[in-house]
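What follows is a group of structures, each given as structure tokens.
You will see chain A twice below: alongside chain B first, and alongside chain C after that.
After this line comes the complex of A and B, so read on.
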């Protein structure tokens, strides 16, 4: 692996314990059985038959949800799916405000791309997908009239306005009309545009809470129509709490979720797969502020190799003992660390990994998952072993490392929350 | 001289108060980590008294000690956080209660608890933060564990036999049907039937003299647990064959008087129910309804 890339991965993991967007396979462990089912049963299985599916990912805070979602994203790219990874949060993208969720989806829409290195930021968003569509269409047929005829033959999506907007954006790019393209992309992103531009391109709708679902379906239909296998949505409730705050918001969010679940399977969402990752299913499905039993029942079945139609994927139960999981993870991280800094770590690394793994597992009830604690503490231990090869990481030192890590991550969390409040 | 005497008396009184608090504080130092939150509270009291102390070398020494102790408390609170979950899990697992979840909310069997480290307190709930059972419980793992174990045992020991509950519920339902002029098969609020069940289960003595002393209580948490057992028993008597409970809508679940959370299993997963009915035909089951006999 490229040394700088390895260093970038180690740096991200060592600072916060959160995974980088690239190179995720270099330290993936235990997810293979789940990913194999997602790939075989869905990406290669039913989705190409214009079906759709919904999965609920549950896992503690710092327990590998984002890692899992990035892994799914990489698989989806390999099978020619577009992907929208959306980090849900209460201020910018709460799940009860579907029009904001739609905006976040189109802003994060990505066509298949290499996953072993950081993707340039401009390769994200509906604008880049439209541009790529034009480039690829041009490669296939260079004559403008052929391209425009193909555009005319493109199936109309559920929202005619959406269809007109993407077709208009295509034509504008062909005609090298930068201004027109920019206006249409602005509309596709859910922003307002001038009335005359809407009239020019026969756009009669706005993206708001009444139309957001239709726009979402139209987006899926369009992505499918322009040659991709489908669209994979990765919703990540990445915050400690949920993006939903009040009881009323919760009801709306759960209604949105129920509608999404119910729509999966019908032909209006060809090739779409939704993953919704939450830190605590009880926050969403139980507890105070109302419980939506109808949705709970729909999400009750457990996904596994033997039951691929199950809805709930529990990342706390990977079928591998926690210590064994951490030792495997630590070994991969050590290899990555050695690639990042050149040279071999002293043999003490194996003992350090083993001790840290055992101690971290006993701290399973911390407010931060033992997995994230382990990752950050292990990387700190590797740095120490590299700087002072004679260092001994015994039980006491492992406890100290975990404790300091727990305090540091906890403090960072608190600062983040306070920063959002004011 | 009078002024001097008054100042000396004031210093003596202040010293005595501080000394008394320090003696109490010394007791807490026998287990500094587990008492970290109690020490914080006690030290705040000492600190207040020290601030009122006349300006002197003694006051400076006391203030320095308070500052050093505050720093030590912060360290011990972190130490406590580090060990809290593990100690609690060990204590509960000895009693067969498996702890799951992530701080600040943990689940132990059918109970859950919300931990507030800043306040040094916890709230214990029945179900996933459904019914508040006890608030402001001290963050002492052994005490928390013994409270949960005691409740868990009490629910089992006081549990009504499923056959008896089914009989009482059937009778209670019939009463509600008659009172309201409803046809058998109609849905009635579950909590309304609970009220009838409570009346039906009262001893003869209560009927003769309905005083508080003779009243046999039946809290909703026990009803919830007994319904769980009834659902799970599969040994229902003839009279209960047609009892059905109906899943609550979202709005009903926000109102304690309209819905009851009932566990589905020992791990604390559960369902809210709001209505109950007595089926006309035992094999008639509609979607979303749970026949108790099933």
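After this line comes the complex of A and C, so read on.
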């Protein structure tokens, strides 16, 4: 791996323990059975046949949900799927307001990209996908009339307004009409545009509560129509999206989720796969009333044992003992560290990894972020070993490293939450 | 306590097809009255009380106890030979269809398109429903009560009707009562739920409530107290204006009247004051029945075949302990039933029914064309239930699925699964083991039975295919 990229990964992991958006495979452990199922049975299996699926991802804070979602994203890119990674939150993107969820989806839509290096920020959002569509169409046929004919033959999506908007954006870009393109992209992003522009492009709908599902379906249909295998939705931090004030809002959010699951079950979102990550399924399903019961029936696994094909993917049960998992992870991180800083770490690294892993599991197992804690502490230990090759990381030192890391991450989390809530 | 209603057991059973007193003849090798308790071991059910929530069990140790039903597990032993007679539907489906179905089953859903074919052991009920839909197509509405204990498949039957009605060109809404959110003593909430779930199919496309009203623009409903002014306003609505959404939400029963009609509101809908409010009173049963019958009338005028309202969990009416709420709930449900039955007495303002205090209207508007189906658990000792049950003439009593139906279901599931994963094989012994386990574990009805079977097959397949580690799938 490129040294600078390795350094960037180590830097991100060492600071917060949260995974970077690229190079995720270099330190992936234990997810193979799940990823193999996602790849073989869904991305290569049923989705190309216009079927759809929904998976609930559960795992504690720092338990690898984001890591898993990024891994799925990379797999999806490799198989020519567009991806929308959406971090849900109660103010900008709560699940009870699908029109806002739609906005977040189109803002984060990404066409397949290389996964071993950071993607430029402008390679995200529906605008970039439309631009890429135009560029690729031009490569295939550069005569304007041919391109326009192809555009005419493009299947119409469920929402004619959506169809008209994407076609209009394509034509505007071909005609180098920057203003028109910008207005249409604005509408596709769910924002209001001038009436005359709507009239010009025959856009009669708005993206609102009542049309959000239709727009979502139309987005999926369009992605298909322009040559991608499908669209993978990754909803992260869903617990934040659910932490909404009134019970009515929560019911609405759950109702939307139920509808999404039902639409997948009824294959009404062809080629789409949804991943919805939440620390604990009980955050979602513990309640009384019809909507809770309906969701429970859909999303709860029947067996207590892990089923990699099941509707629920539990990242706490990877089939590897926790210490074994952390040792494997630490070994991969050490290799990454060595690639980042050149040269080899002293042999002490193996003992450090082992001790840190055992201590993290025994003393911090009940800390919900013990995996994240281990990652940050291990990288800190590697830095020390690199600076002072004679350093010995014994049990006491490992405990100290983990404790200090725990306090630091706890403080950072608190600041983040307080900063967002007020 | 023994049930007195139609010889049905009062017991609420914890297993699929596991009635203590199944109407089906007992099958060889099956001991349906046996239960297992985590502490006291196996025992025999002697009696049940409190709507089957408690069972009197005599354990093999001689101990005899009343226990909550949920604390014991039914031990159903099926005749091993039964599986040999399982027949399988869907013989002609291709692999993609099979994959689609299996993926839906994993999500606990029977796909809409398969709901008809994936209904087992309900031939009689399906016949009755088809006849009722046919009658509605001729303009004759009716009210039905679908009764059955938990897990007997009431919801599935409603979904079946939903599917059939949509396919037959009817405007259909399937919703569920809930004591907090959609309580029958709050007609506006019920209206909102009905409107939210309203669907119909025309020209191969699905439409909703807004589409129906937009299409109704050409009709003359000037004599309808609510829909008349609404349609007038709709015809003048400027499609480009942002306040339209507020207006629509208001019409759909959302609490947006303040925004819609307050003079100071920037979302104000001009002319909104001339439209009668969607009253939130629990006495407004007449108003909402009148609107719903208006929707049924619109449906007919637009060439659709009437309105089908499917209401699940209707027993919610029995959960209202406040006598005033109970009275108003019953009044609303009775109003809906009499509207569906096109009762001449409620075609005019009837003094015997409760009305809204602001603008009383007849419950029925013109000829309603409405089929109403309630699904409920029977509760023969509850006043609310008795009132409604007495009012509805047509009843469908669902017994737990007979063993043969469960076996058919399982056989079809097996065939579908093997069609979806052609290389997968499972021994007959393993099939029987899975089937028995599914029967014993299922206490939430057929849905959980199907889900159990599919997940069991998934586990077996992933283990065989090496997709899961040994530790992941071992018992």
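The rule we apply is simple: the second predicted complex is superposed on the first by the 390 of 422 C-alpha atoms of A that agree within 3 Å, B and C clash if a C-alpha of one lies under 4 Å from a C-alpha of the other, contacts with A are read in each partner's own complex, and residues count from 1 in each chain.
Methods note: a residue touches a chain if its C-beta (ideal position, glycine included) is under 8 Å from a C-beta of that chain, and two chains touch if they have at least 3 such contacts.
Everything numeric here is computed off the predicted structure, so don't read it as measured data.
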item: Touched partner set for A:36, first chain B, second chain C, both or neither; value: second
item: Contacts of A:317 with chain B and chain C, given as first, second, both or neither; value: second
item: Partner chain in contact with A:208 - chain B first, chain C second, else both or neither; value: second
item: Chain B versus chain C as contact partner of A:262, first or second or both or neither; value: second
item: Contacts of A:11 with chain B and chain C, given as first, second, both or neither; value: neither
item: First, second, both or neither for A:251, with chain B first and chain C second; value: both
item: Which of chain B and chain C A:49 touches, first, second, both or neither; value: second
item: First, second, both or neither for A:60, with chain B first and chain C second; value: first
item: Winner by number of chain A residues touched, once chain B and chain C are compared; value: C
item: Overlap of chain C and chain B interfaces on chain A (superposed complexes); value: 247, 251, 289-290, 297
item: Footprint of chain C on chain A - complex, ascending; value: 33, 36-37, 40, 45-46, 49, 51-54, 192, 195, 198, 204, 206, 208-210, 247-248, 251, 261-262, 264-267, 289-290, 297-299, 301-303, 305-311, 317-320
item: Of chain C, residues touching chain A in the complex; value: 96, 99-100, 103-104, 106-109, 111-113, 176, 178-182, 210, 239-240, 242, 245, 248-249, 312-313, 441, 444, 447-448, 451-452, 455-456, 458-459, 461-462, 467-475
item: Touching residues on chain B, where the partner in the complex is chain A; value: 78-79, 81-82, 84-86, 88-89, 99, 101-107, 112, 127-130, 247-251, 253-254, 270-272, 288
item: Touching residues (chain side chain A, partner chain B) in the complex; value: 60-61, 247, 251, 254, 279-280, 282, 286-294, 296-297, 362-367, 369, 399, 402-403, 406-407
